[in-house]
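Each chain gets a letter, A, B, C and D, in the order it is written, and its residues are counted from 1.
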Amino acid sequence: MSSSARTSSPPDRRKNVAVVGSASPNAEVLVLAAQVGALIRRLGCNLVCGGMAGVMAAACRGFQEAKEGLPPGPVAVGILPGEDPAQANPWVDAAVATGMGFARNALVVRSADAVVAVGGGSGTLSEIAFAWQANRPIIALVPGGGWSQILAGDKLDDRRNDRILAAQTPEEVESLLRQALGLPPAAR
Amino acid sequence: MSSSARTSSPPDRRKNVAVVGSASPNAEVLVLAAQVGALIRRLGCNLVCGGMAGVMAAACRGFQEAKEGLPPGPVAVGILPGEDPAQANPWVDAAVATGMGFARNALVVRSADAVVAVGGGSGTLSEIAFAWQANRPIIALVPGGGWSQILAGDKLDDRRNDRILAAQTPEEVESLLRQALGLPPAAR
Amino acid sequence: MSSSARTSSPPDRRKNVAVVGSASPNAEVLVLAAQVGALIRRLGCNLVCGGMAGVMAAACRGFQEAKEGLPPGPVAVGILPGEDPAQANPWVDAAVATGMGFARNALVVRSADAVVAVGGGSGTLSEIAFAWQANRPIIALVPGGGWSQILAGDKLDDRRNDRILAAQTPEEVESLLRQALGLPPAAR
Amino acid sequence: MSSSARTSSPPDRRKNVAVVGSASPNAEVLVLAAQVGALIRRLGCNLVCGGMAGVMAAACRGFQEAKEGLPPGPVAVGILPGEDPAQANPWVDAAVATGMGFARNALVVRSADAVVAVGGGSGTLSEIAFAWQANRPIIALVPGGGWSQILAGDKLDDRRNDRILAAQTPEEVESLLRQALGLPPAAR
């Protein structure tokens, strides 16, 4: 985010992608979450998540490990349930302490320009439901199981004409994110 | 926030400093806010604010303009009252959309390891009161006027033994922040 | 809620039952919601809801219309998404204006000792998910359709050993509420 | 709140009056708070407060003890910081559990048609500041001391043309509330 004196117009806003998923997933889901975090970094977007363990930590770690050789700028934001920013996982760049418990799930989703769901229990389900209400594009990674798999391809109700998008691989997540965010297609 | 493969221990958490102040201050306050934003960047801390105009935008802009020649890492976070991350001022690195209106002031303060107040009306007053309740160190810049000036050096009630710290200059803010956050004194 | 000087022990806390469901349901769901509101009043519990139209208004209306001949005390609380208590439906006794939008769904559920779901789209889904996380007993009325029907009898994840309870009629809701809240069985 | 079948128009919404003040005040403040609670009940308004101890409990108790001989209807609402409705003081009719900690202060004030401040430390100060931002009429009882006394008669900033109203006695609070809420003057 440059603030060069040569131009008075601010740069385009960096887009936020939320990753939602369980705090205690299995190993396969953690690998997928890390891959999703990495591709968000390569897309040049910020990563937004709940800032705690499991899918959240894996996505943040993947995000950080992908930055080698890329220009700085994108950041990983953790929107925490507690009152102490020190509760964030160590791969969070900026911790926001809400003190609101699981009601912070609504804030994770509102802050996102698009939401990627990986695995997930009832917390993830609440985030998918909020994302639907907030009219955010939702991409569900099928192989991680959980509520993401159950709802992939579905509509939650009739207020929207689109569906929860089903992705079979992280590559498909990337392609769907490019479309949802208006980014150019991947170079080949 | 390095993720070097050579070490398994994560880096120390980067500290967050909140800047609170009016959305429509006078020119003198804007200059002070920009100086405070710049010194937070030089200290290597994240800047947390309400993400909107006035003191918030000036602090974020000062933060961004100070990064020339410094290592990347620290980020400016805007914790917005509305539901749309696009409402953030253009110098915010990461926008959090709370959709909670002025109740988001509590989140700005909870996310901070220390709070700097510059000028300010009733919104700033609510943030100072919350910071006091949340036991965050508070530094009030006297020359900006407003509630920061009125409360500088005071106690809000008897639950704390310390006081709102009074700073006469941005240099004093920096010195007080170093003490509050346990950072080394400035090199001479 | 007596405050007689003869006794120092306060009366037992009146239990809160939340009713969650769509703001724009069909006529059958509205009839069910009114029946649920009425039975909550007859049980001597408070009714908690989102305070707006549809299932929320029908439940509040049923609650008020059932009070004839019963001792005063139980109240209908509307926990509103907006900032103005005047937005509550007219059958709400006490309006709470959160200004938090749909994040207020978390507060509806936290305030409840038990949750009854009738019909419902994505908003109701978020409330059921939150109620599961908050460990509140959940009773889903099957004939109203929607997410209540889909999830009746299911578990949302493995953090709880119980299930979302399926009720086929308002009478079954009453019986399940008596069990969940530790109230005596209905007189015959 | 009648639901007579003879009329289709709902009754006027009952007005909410918030009482804000310290959780651990001195005995004189408790007496004042109880008198304020009682006069709110006699005015036929709901009482809204933070639902905990101190001024909140005294106001709720005064409210309940004043209901003898008056028609039923007005209720005492406690908007709690925690996640458990059982934390409310025993004179609360309806407990709302926010799980938001002191950020719930914003909800107390938003829910009010008018705010009465009695005594108070930094928590009360945040509520007065929020009430000012939310454009709610504010009445500060001078003899209780604390932030209510300090700010009585003042403006917090220039966004409003009115002032925090200073009341020397509970009778003055009643008179000012009647004006603020558009209720008829007291019968003599």
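In the analysis below, contacts are C-beta pairs under 8 Å (C-beta built on N, C-alpha and C of every residue); 3 or more make two chains touch, one makes a residue touch a chain.
What you see is a predicted model; the values in this text were computed from it and never measured.
**Q** Minimal path length between chain A and chain C through chains that touch?
**A** The distance in steps between these two chains is 1.
**Q** Using mean Cα positions as chain centres, tell me which chain lies farthest from chain A.
**A** D
**Q** Tally the contacting C-beta pairs at the C-D interface and at the B-C interface, and name the larger one.
**A** So, comparing the two chain pairs, more contacts are at C-D.
**Q** Between chain B and chain D, tell me the centre distance in angstrom, where each centre is the average of that chain's C-alpha atoms.
**A** Computed from C-alpha means, the inter-chain centre distance equals 33 Å.
**Q** So the centre of each chain is just the mean of its C-alpha atoms; given that, what is the distance between chain B and chain C in Å?
**A** Chain centres of chain B and chain C, defined by C-alpha means, are spaced 42 Å apart.
**Q** So, what's the distance in Å between the C-alpha centres of chain D and chain C?
**A** 26
**Q** Provide the list of chain D residues touching at least two other chains, using ranges where the numbers run on.
**A** 83, 99-101, 103, 106-107, 134 - these are the residues of chain D that touch more than one other chain.
**Q** Show me the residue ranges of chain C that touch chain D in the complex, using the header's touch definition.
**A** Residues 1, 3, 10-11, 13-14, 16, 46, 48, 61, 64-65, 67, 72-73, 75, 77, 79, 83-86, 88, 90-91, 93-100, 106-107, 110-113, 134.
**Q** Per the contact definition, I'd like the list of chain A residues that touch chain D in the complex.
**A** Contacts found on chain A: 83, 99-101, 103.
**Q** Help me check something: in the complex, which residues belonging to chain A touch chain C?
**A** Those residues of chain A that touch chain C are 22, 100-103, 105-107, 121-123, 125-126, 129-130, 132-134, 146-147, 156-159.
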